[in-house]
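Labels run A, B and C following the written order; every chain starts at residue 1.
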Amino acid sequence: MSATAKKGAAKKDGANQPFIYRHYDQEKLRDALRKMYLIRQFEEGAEESYMRGLIHGTMHLSIGQEASAVGICLGLSDEDQITSTHRGHGHCIAKGADVSRMFAEFFGKTTGYCRGRGGSMHIADVSTGNLGANGIVGGGLPIAVGAALTAKKMKTGNVVVCFFGDGANNEGAFHEALNMAAIWKLPVIFVCENNGYGMSTSVARATAVPNIADRASAYAMPGVIVDGNVVSDVAEAMHDATERARNGEGPTLIECKTYRYRGHSKSDRNRYRTKEEIEEWMTERDPIEAFESQLMEFGVIDQNGIEEIRESVRKEIEAGIEFAKESPMPEVANLEKYVYTEQA
Amino acid sequence: MAVEVILPKVDMDMATGRISSWHVEEGATVKKGDLLFEIETDKAAMEIDSPAAGIVRNITGKEGVDIAVGEVVAWIYEEGEAVADAPASAPAEAVAEEPAKAEALAPVEAAAPVAPAAEVTASSAGVRASPLARRLAKEAGLDLAAISGSGPKGRIVKADVEAAAKDGGAKSAEAAPSAAPAAQPAMSDDQVMKLFEEGSYELIPHDSMRKTIARRLVEAKSTVPHFYLTLDCEIDALLALRKQLNEAAPKVKTEDGEKPAYKLSVNDMVIKAHAKALAMVPEANVSWTESAMVKHKHADVGVAVSIPGGLITPIIRRADEKTLSAISNEMKDLAARARSRKLKAEEYQGGNTAVSNLGMFGIKDFAAVINPPHATILAVGAGEQRPVVKDGEVKVATVMSVTLSTDHRAVDGALGAELLAAFKKVIENPMAMLV
Amino acid sequence: MDAQVETATRELSYAQAIQEAMAIAMERDERVFLMGEDIGVYGGAFQVTGDLVERFGTDRVMDTPISELGGAGVAVGAAVTGMRPIFEFQFSDFATLAMEQIVNQAAKMRYMLGGAVSVPVVMRFPAGSGTGAAAQHSQSLEAWLGHVPGLKVIQPATPHDAKGMLLAAIEDPDPVMIYEHKLLYKMKGEVPEGYYTVPIGKAEVRREGADLTIVATSIMVHKSLDAAKQLAEEGIDVEVIDLRTIRPMDRQTIIESVCKTSRLMCVYEGVKTLGVGAEISAMIAESEAFDYLDAPVVRLGGAETPIPYNPELEKATVPQVDGIVKAARDLVTGAR
């Protein structure tokens, strides 16, 4: 039962403006743009620090996917929760995390969100409702359903967003989680960020149905396909799904079609896709450029305003990296701390 | 075949040693028994002779560094033997394999005759014994090799050790001293160093004597229950006798001209008096072991000698039987050689008791630490004129305070008091020393 | 005993004791709820939940689809967001389907997030052989989970402990895995009324003795006690320790006992190799108790085979009383 979200015919005024211009005030929209910059520049900063040897391990960059993260989280409060993926920096920032503490985590410092125990792949900010990125593909799906079960049992009125990638839709956990969310009508929204590749394997080669959203019909929930690079389209689908969830009508599956510019992780040689393909997404369909010009078109911001935001984000990123560099390393003596809850 | 030269174990509790100087050079021709090098052990310098005749090659033992006992320090090649025939590594491997081989062939055939240390470990390592039996045997100073096992495949179990202890057999050669548990320092080095300002000190590395003194004293103080008794002795009669004896000393001819045959010190007389007292109270002339009391038949008196960088306790054997002049001359010789670190191990190991005299520094009274396997040590203060009350009148006498430390496991308070009273009796009636 | 508030006791089966603990917990704390396959009107495969659904309703006694991985994950997600779920695996063997959520998520979430969350989930695993259910329904895989830092793994052996340790588990802020031997479910024992807890991480000396320490888990505690009774008639005085918790292990109780008896035997149903007994033996070898050992350490564990169907073969797969008696006798009399 998948359906393509209605694309608002863009008119400067009038009732058929795109959804977000009807639904959110201008300040909120400028903030959304700022968050997209913040995600992009955070990941570029992290990538550079990684190359300088300041960050070890690996990381999965979501550059190119910013509209999905920001569009989904636009209408959420800190009480609404998300579970995230190994490609989760954008989700974390979109949900409201402080980039300084994220950098600190990547640098392995005690001031990081996970006190240096998690790193990029487990980045989390519970205070803004982010229950954490996950190193296991599909690992977050049942957990999100459990969080939604809590919301229903405690009647909090909150919703839970479960981010996952196109790769996860072939995990058993995906099917078990969607089924349970549906039979119990839980307030959870499954958001598949389909960037075309599970590591190197394309969706076409790995998934029997053409769209991930097609899977929704097996679990009797709406499956919605949106252009994941268009903030307003993502936000509109998310708004409808949230309404449904809050009204006790159960889950929705949203598929955001998008693209990652960078490789799967830092070890990727990009052998499974062409330069032209990457080039085309970067030049023709960049989510930030598209959002900038739309905001200018609708008079929400001008070139100066954009420059101002970019500059302030640049400063925030610089300060964040500085904070991370100066923060203390964990003590080896505390190695076993946090394995169990410390008893009073 | 080339013969290896190892750093030998020459001292009871020696794990490492330092070569203080080589007396031969690479390529030198030596006869068997020629001096090769000198070792500075924990307590003394030791000369090591060549085990074979030939050419000295591959001198790997460097001067002034700690070398493990048993390590190869050089090779003696036969005349004309190619050096390549005996690479240093091959025989070294053979040595390393030795304990394992010994384990397989239960009775020990130590391959390296110059390494008695390897023999000792191999002998107990090859024995089948439960961990509990091993621990109990060690604590009782029993040699596992001498105990027969009743467990499967002859394994020695607890019951076998208990039976052996009852029989009083199977005494181990290296029993008591090594049984002492290692003491934990109260503060780590880092903790200590933090208390001092950087640059306000210089660090002087411990030499082996300092390390041995530290280890032995910690062992002694933490494993031996010390008990102390103090007494004042009047020594005017002793001083008078000493003067009389010294004046009567015959002259003998030496290289430096004519000299008196002896010159007694107060300390010589203290040694004699202490030995005599032990002979009078033989129950106090003992050593403690876990399995039995060792009752000595002679008084071998150690005498603490202060030397640069530490102290050492050479022993006057059978001091109870020796004349004052013999004790005096032996003491002079031992003290001189102690200062040049030329004492042999057997000259400072063992003994039944000891005397420590700090009177020459004016120390009035102090308590000394027992040097196991001794059960007592006598600390001697300065002889000084003090008022004493006799028959209701204050008189002046030369008084020397002495303190006896006893190992309470071996010498109880009353027994120690008896010994000290005997000492006082001899010291105050010094003519007794002459008969 | 270590119960906190013991009042009157009466005889209950192990299964009833667990059910009573869950009922008490649900009455005391509205965050507590049950999840599992066929735990509702069916009453659970071993009738442990029984008629709890009638008392507490389907919202709190939730039948799940046959989705062990998803179900375990839902329990983890609910726990991390403030609920106190108790998840029942129908057979402990089925937990292999849920290892991802147990091992990668429940055990590690607190650590990965630097202490920002805790995961107070309880999972129950009916385990063990003796029911003729063959290879895929009879395993004792508790050592798998005992290997994972972040989890606590318990094996109550009596109705009293089943209730008290389950109540302690529900209050524990960290994930607690409870291995329940299926043959124990019908075993009866004195169980105090009302609320009490038995601490996790504390072993219990079930019988004092001087000649040999047997450390046993779960049903093997009873078999070891039976064996100890027989051995007593031969003059062999056996101390039996009920381990109760395999992670975190109560090392001190075992060490003290071995220092006293100088002999150690481990008796457990899981496959002998790389199991709970290996951990106990190695722990003793590393401890001060080593110097008190007067005989080799002996392990009696499950055979190196899947659990067979044939009843005689099945019996031969795991330690039985006769085998414990013989091994203990050999050890004490010096035959091994």
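Descriptive notes on the structure:
Note that a contact is a pair of C-beta atoms (placed from the backbone, for glycine too) under 8 Å apart; a residue touches a chain by one contact, two chains touch by 3 or more.
Quick caveat: nothing in here was measured; it's all calculated off a predicted structure.
Of all chains, the one whose mean C-alpha position sits at the greatest distance from that of chain B is A. Remark: the per-chain Cα centre closest to the mean position of all protein Cα atoms belongs to C. Chain pair with the most C-beta contact pairs: A-C.
In terms of their C-alpha centroids, the spacing between chain A and chain B amounts to 77 Å.
Centre-to-centre separation of chain B and chain C, using mean CA positions: 58 Å. Averaged C-alpha coordinates put the centre of chain A at 41 Å from the centre of chain C. Listed for chain C are no residues, as none touches two or more other chains.
Taken residue by residue, chain A touches two or more other chains at no position, since every residue touches fewer. Of all residues in chain B, those touching chain C in their complex are 130-135, 150-152, 157-158.
For chain C in complex with chain B, the residues that touch the partner chain are 262, 290-295, 334-336.
Contact residues on chain A toward chain C in their complex (touch as defined above): 81, 83, 112-118, 122, 124, 126, 131-132, 134-136, 139, 141-151, 153-154, 172-173, 175-177, 179-180, 183, 336-342.
On chain C, the positions that touch chain A within their shared complex are 33, 59, 64-65, 67, 69-83, 85, 100-101, 104-105, 109-118, 149-150, 152, 173-174.
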